[in-house]
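Each of the next two complexes has chain A plus one other chain: chain B in the first, chain C in the second.
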Partner chain A sequence: MEVEAAEAGAVEKERGRLAGLSSGASLSPPVVAGLIVASIAVALIVTQGLQPFGQTTVNGLISASYFALGAVGLTLVYGTLKLVNFAHGDLLTLGAYVAFVANVSLGLPILLAVLCSVAVVAAFGVATERVMWRPMRAKGAGLLQLLIMTLGLAFVIRYSIQLFAGTQPRSLEVDVTSSTSFVGLTIGQTQLIVVLAGFAVLLAVGAALRFTSLGKQMRALSDNFELAEVAGINTDRVVLATWIFAAGLAGLAGVLYTSAIGNMTPNLGFFLLLSLFAAVILGGIGNAYGALAGGVLLGLTQEWSTLLVDARWKLAVGFLVLILVLVVRPQGLFGRQERAL
Partner chain B sequence: MTPLAVSLDVFGSLDFWIGVGLLAATYGIFTLGLQLNVGFTGVINFGQAGFMAIGAYTMAILVVEAEISFWLALGASILVAMAAGLIIGLPSLRLRADYFAIVTIAFAEIIRYTAVNARELTGGSQGIGGFDGAFLDLSDLMLEGLDSFGLGDQFLLPLLIVAVAVFGLLTVGMYFLQRSPWGRVLRAIREDEDAARALGKNAFAYKLQSISIAAALGAVAGWFLALNLAFISPTQFDPLFTFLGFAVLILGGLANYFGVILGAIILWTLLEGLRLMDLPLDASQTAALRYVLVGLVLIGLMAFRPQGMLGKRQEMVLGD
Partner chain C sequence: MTQPVLRTEGLVAGYVPEVDILNGVDVDLHDGEIVTIVGPNGAGKSTLIKTVFGLLAAREGRVLLRGEDIAGRKPHDISRSGLSYVPQLDNVFPSLTIEENLGLGALARKGTNAGERTERMYELFPRLGERRKQVAGTMSGGERQMVAMARALMPDPEVLLLDEPSAGLAPAFVDAIFEKVVEVNEAGVTVLMVEQNARRALAMSTRGYVLDLGRNRFQGPGGELLEDPKVAELYLGGGGSRI
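Then we have the complex of A and B:
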């Protein structure tokens, strides 16, 4: 039954998408996507009621905050260095565990712990660039070589953490029990902070990419590395900045995830990785704004799907969206055609 | 005796080598599929664990739920896995190599979630057992024969013999398949897809065949995984295991089927040896240490010897 419902829902949605894409050829894809999301939202409100829709939207925005922050780094690293980083999820894990050490083992306040974890993960990102990725680029390593190297790094990070911290779930010292209700919608105290902080950072990231010189240079490199270099951008400096940015945000996303969920295990990052890829691909790989939007869309899709199918399928729904987007529009919502193949 | 000597004793025991042999043969068969895709076709398949799960679950469900003969179920499971290979390959093989890798790993995760969540069919995280009766009858027959060599009490030995025989036959089979005109076209596609197409070869169809053969090999590996434990559950099909296959593949060398044998034996001797040594670590830490080692092996090989032990450097053309 549930499987059928899931399939029916997915097929329905895909039909909607296809119809939207073909009839709205003159509209820009993001506008079309927005219209589709809006019509799905209306359909869900009408069929499922306003309160359940509102509650799943709130839940969706919670996961959106860490999906988007995790995805933006993954996409920038890909865009700039053409590196599909399978170790990116484990940077989130590293962030969560650094926060645990700072917050619980050393007893630092949570805000300070967050800063610690952003700093440590950013430094780790820079270290991998210097020790692994730059030398490999200099050697002219191929796609497969780099892909397998990121996998190896993912294993090393994830299982080194397991070696020292064990597999038992750990929690930060945040309030996971009390919650707030507002117009019939419930959200945990900490989750509320996660959403607010997450979206504040998201807006700041978006603004920094748009208006600062460094942000523009990052996007320029992500768009066309050689052209950026010819235009006189100090690519070496921008690559380092990209790693600091990407890994730091991954660390933050890891802490936000752990705070919202209530605990952490060493495989949380690998578990999240595919969702991050889904967000990245949804937004067009290499496109920073796309990743932010893709993260929000994915969070909402997963939670809205719980209105139609059992909640235990929501991750599978996310992966199905990933596959469907790749099949129907491989360049993503914001990507350009040339990125497709 | 010193603790180290005691811990090294495990390498002298028959149990240890039967265990290693079974894992090496299972993951060897698994990796033959990866070798075909990655080494010879230039298609990065990250979803092999999904095909292994499909093979094992189809076999188990057909035997336990549908009460079909075990031997028929084996054949059916291959067909189902090959069909799954076609279904996943048809829409996504046109994508760029890195996108295809992401699609296949997402596919494997969907399969695993289905195994966890479709409880009526798969038993959920409890898993399925009791599908191996027909094999145990054969195994008992073989044990009677082995008894005359004084090996009648090694219950896993018959399975090892079968697994090694199947692995050997499949390796030789794949070797000759690769030397056929079909195999040469695959290699041409890996080297330069446009050139192969210009010669009138339907590159897409060849890639599709490559994926579905790999899926069949994954299914066969799934049987041995299932028979080894007499039980299957979703955790045995974590995407992690695809990457153990990649470690075997890279260790032995790309584009060389005999490298798979070498890689499988070395990796599993290392991993099982580490598990059984007397390290001052608990079980989860030992498991963690094994995988840290796998990660370091992957990184080290890619950095210093990307062609592995038996591969040729000029065959690492992917993505250039």
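Then we have the complex of A and C:
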């Protein structure tokens, strides 16, 4: 009798455990990732102290703002047109240099210079669509041809900028010396503006994708181009809007980057490109929310890692995290493994 | 006889140059009908619907919507003139929620009251209403078929083109989907559908066509096609009486 009761109890417990497990497994991956990040944060606070953690978090948020804004355009262009755009990093460079011309050469206020950047890079994105990508798609160009073309375009942009501006570092007329301190954390005045502006735009982008009709149409195209056309979406129009959106944000990210680190060289976008791809893949390629989240995650991870290892390693740590995530979840955080019908 | 709402005349189309998949297909669809197209795999059934909807260029022949030739128009444009299409595969937006999937369907026709139509779709498919915030990619095959159908019905189309709505579904879902097709038709939507479940589909159809190698082979009222021994032997998998 007693034995039976004990057995029944054990079975009950086992059932409970299984139920717990399965409800754990049904948590969405972004939530799990959030929980893991939160526990790492707690561990770092306990072992490294609150102040260093806070300072690296601030630094992480600075890189997060330009990673995320750069990555979201890269992912949308890939999702919508299946174009792996190696020239996307150089759109950030273009943005930085347009701001330089407007701000330093023409003496416009920085805010106007930022608007110039966004407008010029967006127009450039549209031009590449009209002159290169649309005709190539119409001719049925393969993935590889398109890829080589984006690489070529990347070089053309970079060396054109170098031709006109030279290779010496240049700076915008922003205040890079004064800084603000609060609760023991230091952040440059310009960097503070970069973070605030970056995250404001990031939230606006997220909201626009989620709630506006155009945002839904962009995500729809990214999911299934042909179905979007069939469902009554004017895909040509949405593709153009995607380019404006993607390139404009790249221009902005370029200005934010150069403002935050204090200078620019014609290679800046090329060096950022790998991180942008990492953010995109981390979030699930083609998924816009994923790119935003991936950018933030990558920025934080890279800076947090400087608490444990030398700062030189931060790029490598970022990619280590990328590899770990992909081993567990090949489709990235927000990506979906297609269910077979 | 009245003018058909949709008609193809001598339609020729294909994917690669020089290779025609459709070799002159004539199909008529009249107001209020359910017309089913059956035929072996690779006969060109999906190709026919894609050509009607402008996803594939017609090489010869015409596609007439109420007498007006729509061949050469883009799909998003065609979906604005009262025609809706549910593809055979990949017919939902997987990363979008049910609600967003339906909302996009409303774009096909200006002045569609998306909120009202969405509620109407939740009445028609209560299961979707329960899961409106779930992303479509995580739904079962049958549920996805419902999402796809609901999306296509959002703009309140006159004509619904369905490509194998019951493909790959469990028997319970097949029944449910066919019931919905009849319900939608009774509400006034003319239906042109392709089906592998040929017997069941023909039994509920006003008329049917048998397509083979991109050509019309047989046509007639659904019941007659079912009883035609040649059709049964060649296309419906035997008479079903012996063995």
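Here is the rule we go by: the second predicted complex is superposed on the first by the 308 of 341 C-alpha atoms of A that agree within 3 Å, B and C clash if a C-alpha of one lies under 4 Å from a C-alpha of the other, contacts with A are read in each partner's own complex, and residues count from 1 in each chain.
Going forward, a residue touches a chain if its C-beta (ideal position, glycine included) is under 8 Å from a C-beta of that chain, and two chains touch if they have at least 3 such contacts.
Since the model is a prediction, treat every value here as computed from it, not as a measurement.
In the superposition on chain A, A:A231 makes contact with chain C only, not with chain B. Residue contacts after overlaying the shared chain place A:V84 against chain B, while chain C stays out of touching range.
In the superposition on chain A, A:N287 makes contact with chain C only, not with chain B. In the superposition on chain A, contact of A:I148 is made with chain B only, not with chain C. Of the two partner chains placed around the shared chain by superposition, neither chain B nor chain C is touched by A:A138. In the superposition on chain A, A:L111 makes contact with neither chain B nor chain C. When the two complexes are overlaid on their common chain A, residue A:S213 makes contact with chain C while staying clear of chain B.
Of the two partners chain B and chain C, more chain A residues are in touch with B.
With the contact threshold set out at the top, residues 341 of chain A are in contact with chain B in one structure and with chain C in the other. Considering their complex, residues 213, 216-217, 219-220, 222-224, 226-235, 287, 334, 336, 338-339, 341 of chain A touch chain C.
For chain B in complex with chain A, the touching residues are 38, 44, 91-92, 94-99, 101-103, 105-107, 109-110, 113-114, 116-118, 243, 246, 250, 281, 284-285, 287-292, 294-299, 302-303, 306, 316-320. Against chain A, the residues of chain C that register as touching in their complex are 53, 55, 74-76, 79-80, 85, 87, 89-96, 100, 103-105, 107-109, 135, 137-138, 141, 144, 151-152, 155, 167-168.
Contact residues on chain A toward chain B in their complex (touch as defined above): 2-3, 84, 132, 135-136, 141-149, 151-156, 158-160, 162-163, 166-167, 266, 274, 277-278, 281, 285, 310, 312-313, 315-316, 319-320, 322-323, 326-327, 330, 340-341.
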